[in-house]
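Each chain carries a letter (A, B and C) given by its place in the written order, and its residues are counted from 1.
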Amino acid sequence: MDERRLDGNAIGGDLMELFGTEMTVAWAVCRSCGAHEQLAEMRVYRDAPGIVGRCVHCEAVLLRIVHAPGRSYVEFSGVASLEMRVS
Amino acid sequence: MAEVAATVPETPRTRTLVLDVRGWSGHRAGQHLDVRLTSDDGYQAQRSYSIASAPGQPLAITVERLEDGEVSPYLVDVVHDGDAFEVRGPIGGYFVWEPGDERPVLLVGGGSGVVPLMAMARAHNAAGADTRMRLLYSSRTLDDVIYREELGHLDGNGLDIVYTLTRGQPPGWTGYARRIDDDMLREVAWPAGDGPIVFVCGSTHFVDAAADGLVRLGYDPRWVKTERFGATG
Amino acid sequence: MPVISRGFHGRRQDGPPDRVPPGQYVTEDFPVLSAGPTPHVHLDSWTFEIQRGGDLLHAWTWEEFQGLPREDVTRDIHCVTKWSKLDTTWEGVSVDTLLDAARLLDEDSAYVLAYSYGGYDTNLPRDDVTGGKAWVVDTFDGEPLDPEHGGPARLLVPHLYFWKSAKWVRGLIMRDEDDPGFWESNGYHLRGDPWLEQRYWGD
């Protein structure tokens, strides 16, 4: 059992700081398997040099976030499309 | 920035901190906030904590002490009224319940996973909502039950509570005395035909067991909202 | 200016400055870091490979790997998340021995990419994994290496930040270019020398 696996809720604060809006309700399409899920549901590993979000269906890496002093590195190459609600 | 307005011991391992946050925008039941502590030499540590209070009530978080932790022992044992630290939030839009939602609600909490569910139960009570709400709460022992007295008042007033005590039971205990399993879920959960909404919160292992069990009962995975707690405190 | 939290110190412990690089703290624990699920690799299907340009140059089964000359290694390790652990003891096969056994000592690639079961990879200059500086280890503290710490076998490159010591290592790809690995492609330093505090891009 992998108790280090969290979910996208755990990085809602990091995503909000980067995007300026609540992101865990955004829908992401996995580039690897095509699954369509909300970011809150992805598998998150953050006991690591950075944050890694993985597809809940195929485990492919959806995103990586690295916080460095005064800057963050954000990589979403595993996300084919991101649907964000606007009001 | 948050200032500690009051502290409330809940169990030997948990404490509620009532926070006064300048410019707090209000929150929704189920959301969390991030706490960032800074030492006098600039070292920082950050953790997420669920909000325990209902919207409109004084903002409160409940923290469980993880023995090897860095932040939780400080918040449970050291901090006192008037101390300050940074907070960021409210955070989250997925694991959120609104009193206007008419679906029957099932709350499934393991240990301190009950905290965001308590915000929902309190919001339900404060709104006088007549939606059916049921809480299945897994705790190690009766002494580890957080909000025990308040839950006693809420039980029966629009909220049904079912406890399971996994490590030790008081004499005469007639409730469940084991980890959550499919039989227990079948007995406690609303029939799938009622189209319920479910919030499950706890450790990764707990959440996986409960969510998978509900899907085996015929629940649509989309009805089951999950939030997992880390082991880093 | 951040608010100072009265009475908060964290669980940090300073160590001897000649052994603990700048910005690091000493830990007695062995924190587990993971960027994904822990792969569980059966020893009868385990291999360690050396590749170049898509060609498999050499491969060892677990049994063959166990037959190679082994070394005991005691070193301090330094994780980029700021903990250092002193005097860790390992046992395994040096990369020099592996390259020698594969008759690749004269192979002239300037870089290697270490890759792992589970999909992780990390790039290293060849000079950082040869000359008695790196090992493929299968034993920690006298016991078989636990899967959560990278067992059956991990790379050990103790003079660089520990993300270079790839867990669940599966092989090396010899390369002419220093193409970035998993963390190096998103913010982490290409080389990662803890004494130079090479944590991030631009450090």
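One rule holds for everything that comes next: contacts are C-beta pairs under 8 Å (C-beta built on N, C-alpha and C of every residue); 3 or more make two chains touch, one makes a residue touch a chain.
Please read these numbers as outputs of a predicted model, since none were measured by experiment.
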By mean Cα position, the chain sitting nearest the middle: A
Between the pairs A-C and B-C, the one where more C-beta pairs touch: A-C
Whole-Å separation of chain centres (CA-atom averages), chain A against chain C: 26
Approximate Å spacing (C-alpha centroids) for the pair chain B, chain C: 39
Residues within chain A bordering two or more other chains: 2, 4-5, 47
Residues of chain B whose C-beta touches two or more other chains: none
Complex interface listing, chain B residues touching chain C: 1, 36-40, 42-45, 68, 70, 74, 78-79, 83-86
In the complex, chain A residues that touch chain C: 2, 4-5, 45, 47-50, 52, 54, 59, 61, 64, 66, 68-69, 72-75
Of chain C, residues touching chain A in the complex: 31-38, 80-81, 119, 163, 183, 185-188, 199-201
Residues on chain B engaged by chain A in the complex (per definition of touch): 32-34, 48, 88-89, 91-95, 203-205, 225-232
Residue numbers on chain A that touch chain B, as the complex places them: 1-10, 12-13, 16-17, 22, 24-25, 38, 40-41, 46-47
